[in-house]
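Quick heads-up: structures coming right below.
Two complexes are shown next, each including subunit A; its partner changes from subunit B in the first to subunit C in the second.
Showing the complex of A and B:
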């Protein structure tokens, strides 16, 4: 049953990848896509479009989706809260603010921006936990953490806007990244960051057994032989850099990390490695599909992936919050 | 496959029936010697003493019930014995080794505990839940071995939850979930079994059933310690009762010796009439009998 869900996902992802390579301002035939990939002719403009534009976008979108989804599932499991994700905890916003500050004050660029982004993500999580503890009405209230995250995200967005307004010209070419966008040159940071993503996903798959124990409560997990403290730190130490590596490549794309774990839960349940792997695949499917929509909806006009995602994801977020609330009322 | 249903809750079942005891448990404890000992144990939360200088020993083959009024420290004692809380003074020794010196995983090979809170994610399959009991036995690659499966199957059969294996936790009643969690603790196959109010959420039939299983696990050579509320149930199934009050042990011994009207009156502050009934002792409040 679980294996079937995973197999289905792999098929869907493969089909989607093919479609992604074919679709665009001009639809390319499957034969052309095949030739472009396996008998590449650098003088053929169609081939160049398929490989240099669509294939790089496909890889970037797949990577971003997979790492954000895994990050979201790690966070949801370790915090035992179905509403958290890199975006709803403020990690994305914190990273963006620190990147902008890093560019403005330190003149950093390229992959070096990973470090301010990471610092920003960690700082934002700290602020979110602090804010959540201030608004919490005792007990484990799933909404207080989200409220804290929203407050933190708003705070950091304002800080970003403020920093940009100091010297708007300098950030002109950053506008797409700020709302979350996949550009044709995004593969450059990815060539440096992909080992981090691969390592993070691998570790998440190894860690997910211990994380499953954690869902039974700290005491029961400890009695079963897990070290809850260690698992908590390990999960956070994986989830935050994973999300940051995606932010560095494509910018703050929200909602994938929130929605993908929910879809995985419906499809293959929530325990075991298959759930973790499926979640990564679902994340890739979501971002690849969104990127395809962004490129083709108003073709030849390109939309930002972040914009399309925010529209679709916002609705999904609302639905998830409402079901959570309803379940708590019942 | 037909599910074997047996009237396993019958309290009069002879002690020699060990058919349902799990095979090949990890045991190197000497029969008769203490596997777990609590020495001069004290504990407090922020200046308030919860436990004061407790000393107790637990032997294999013994089913011990810890009883006492709310807040007497019985659950805290169990958590310290499981290494979940650090004692302020004194020590808990497992085979003469401090419990705190062992890693969680190593400790879990010897000691299983059923915690009081029964949280579990709604989407988790019962088979996966029970399988969690095998965590301490798993290596990086050796997971779901035939031995793991044998223990999981045996535990589910004992707790009569085999037919729930493919159900999700969210579909279970409170009592079904509690039995599945007990199956998880049994699948851990540890020689010490700590149960914190295991009869919570269970209806009458399964309260008897669970305690009978606990007793038979003890008869098979394990050391079983349960925190219980119901004195009658405790006296009916336990070999030994520890009566606690205000963080100290008031009485420790066979049920008939511990559950006397004098002890009950001293600990609970009510006058009762004790009625021995077989091996059980039933206490009824004098005020209701008049």
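Showing the complex of A and C:
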């Protein structure tokens, strides 16, 4: 059953990738896409479009989706809360604020922005936990963590707006990134960051079993021989850099990390390595599909992936909040 | 009862006046007056107090330079005063309707609903500014009804807020689609408007706010003295003869009406309603008839002070008022959420 779900996902992802390469301002036939990939002719303009523009976007979208989804699943497991994700914990907005400040005050650019982004993500998680503990006073209400996260996100987005209003011209080519977008040159930071993503996903798959024990509760996990504290820190130490590596490449794309684990849970269940791998695949499917939608929905007008994702993801977030609340009342 | 004097007019009329609210209201008025004058006085060019008084009470013709600077500053001050009072009143009404001390037009998505309707009306259909307020009103009211219906019967107080925030996220995304169509300069302008900024307020904006405010603020004051039954909960309210459903609907409409012109002129000022009502309740207790005027005054004072501070303290940098208020608002939200929890 689980294997079937995984196989299904791989087929869907492969089909979607083919469709992504073919779709665009000008539809390329499958034969052309095949030729462009395997009998590449650098003088054929259509081949160049497929490889240089669409393939690079496809890789970036797939990477961002997979990494954000794994990060979301890690966070959901370790915090035992179905509503957390890199965006609902404020990690994305914290990273954006620090990147903007880094550009403004330190003049950083390119892959060097990973460090301020990482610092911002960690700082934001800290603020979120603090805010949540203020709201909940030690109670274990899953909603208060999210409320804390949203408040943190508001705080950081105010700071970002302020920093941009200081000197809008300086952030001219950052506009797409600020709302989350996949550009034609986004693969450049990815060439530096992909080992981090690969390592993170690999570690997540290895840590899977220990994390599943964690979901039983701290006492049970300890009784079964796991070290809950260590696992918790390890998972956080994986999840935050994973999310940040995606933010650095494509900007703050929200809700993949929230929605993908939920879909994985419906398809292949909650525990085990297959769930983790499926979750990564689902994340990739979501972002690739969204990128395709953003490019074709209102063509020739291009939309940003982050915007389309916020539209669909916001609705999904609403649905998840409502079901969580209803379930608790029943 | 102590802290109360009765105004006796003949034998029939006995008007009890509670001292505390009266004292609070009059001292807030004094503060507002002082802040307004400070707002007129300071800026990139400071103006002597005497000149301002001459401009306010034209005993003699003021010099043209003062006149033109005042012409730029007064719309901003009027907009801050009225906008602050209206958003704060809207927040307080929503808190009564939702029976939730954390409600606020910005947090429930109502401001975002107004904003989305205005942005789409202006950018996509190219409507005239006078139409936009009505459009914003429709958008805000529709969002309010949507959020309240979705969160109906949810017991937890953070549930309503989260539903509102989620709806707000979807609406902001819809606005972003329009926002990113222009260049970065326009994007930056949209961005600062979407956090609330008084930089671009013109005399016609101020006139529109005066028009709406002079009708809506008295209505809210009158309405607030009628809503006491709602505080008891819907069953009890119906039990003593009020009609909670109709009253709630009307109050929600009023709350949306209060927000729409402010969003059109200044942008959404999130958290202002939350902060102002919270401070007002601390000052005068729980009676809506007394809390409402204090809330309005506190809201006006906060927005004016935030705008004046953001405009003068960090020169040459100008911080939009909405940003200062959001930052203060988040902190107060957390404190209020902590206090709102039932004591164990």
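Basically, the second predicted complex is superposed on the first by the 328 of 330 C-alpha atoms of A that agree within 3 Å, B and C clash if a C-alpha of one lies under 4 Å from a C-alpha of the other, contacts with A are read in each partner's own complex, and residues count from 1 in each chain.
Definition applied: a contact is a pair of C-beta atoms (placed from the backbone, for glycine too) under 8 Å apart; a residue touches a chain by one contact, two chains touch by 3 or more.
Just so you know, these numbers come straight off a predicted model, no measurement behind them.
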Check your understanding: Putting subunit B and subunit C on the same copy of subunit A, do they fit or clash?
Key -> fit
Practice item. Scan A:322 for contacts with subunit B and subunit C and give back first, second, both or neither. Key: second
Review point. Just subunit B (first), just subunit C (second), both, or neither: which does A:179 touch?
Key: second
Review point. Between subunit B (first) and subunit C (second), which does A:223 come into contact with in this model arrangement: first, second, both, or neither?
Key: first
Revision key, fill the gap. Vertex subunit A, Cα centroids of subunit B and subunit C as endpoints: angle rounded to a multiple of 10 degrees is 100
Practice item. Check the residue A:135 against both partner chains and state whether it touches subunit B (first), subunit C (second), both, or neither. Key: second
Exercise for review: Have a look at where A:54 lands relative to subunit B and subunit C in the superposition and call it first, second, both or neither.
Suggested key: neither
Study note, to complete from the structure: Comparing subunit B and subunit C in the superposed model, the one touching more of subunit A is C
Practice item. For A:150, select first, second, both or neither according to whether it touches subunit B, subunit C, the two together, or no partner. Key: second
Point to revise | Lowest C-alpha to C-alpha distance for subunit C against subunit B (Å) | key: 21
Review point. Subunit C touches which residues of subunit A in the complex?
Key: 131, 134-135, 137, 141, 143-144, 146-148, 150-152, 154-155, 158-159, 161-162, 164-166, 168-169, 171-172, 174-176, 179, 254, 301, 303-304, 306-308, 310-311, 313-315, 317-318, 321-322, 325, 328-329
Check your understanding: If you look only at subunit C, which of its residues touch subunit A in the complex?
Key -> 150, 153-156, 158-159, 161-163, 165-167, 169-170, 172-174, 176-177, 180-181, 183-185, 187-188, 191-192, 194-195, 270, 317, 319-320, 322-323, 326-327, 330, 333-335, 337-338, 341
Check your understanding: Okay, in this complex, where on subunit B does subunit A touch?
Key -> 79, 82-84, 103-105, 107-109, 111-115, 117, 119-121, 123-125, 128-129, 132-133, 135-136, 138, 140, 143, 168, 181, 184, 188, 194
**Study point:** Contacting residues of subunit A [partner subunit B, same complex]
**Key:** 206, 209-210, 212-213, 215-217, 219-220, 222-227, 265, 269-272
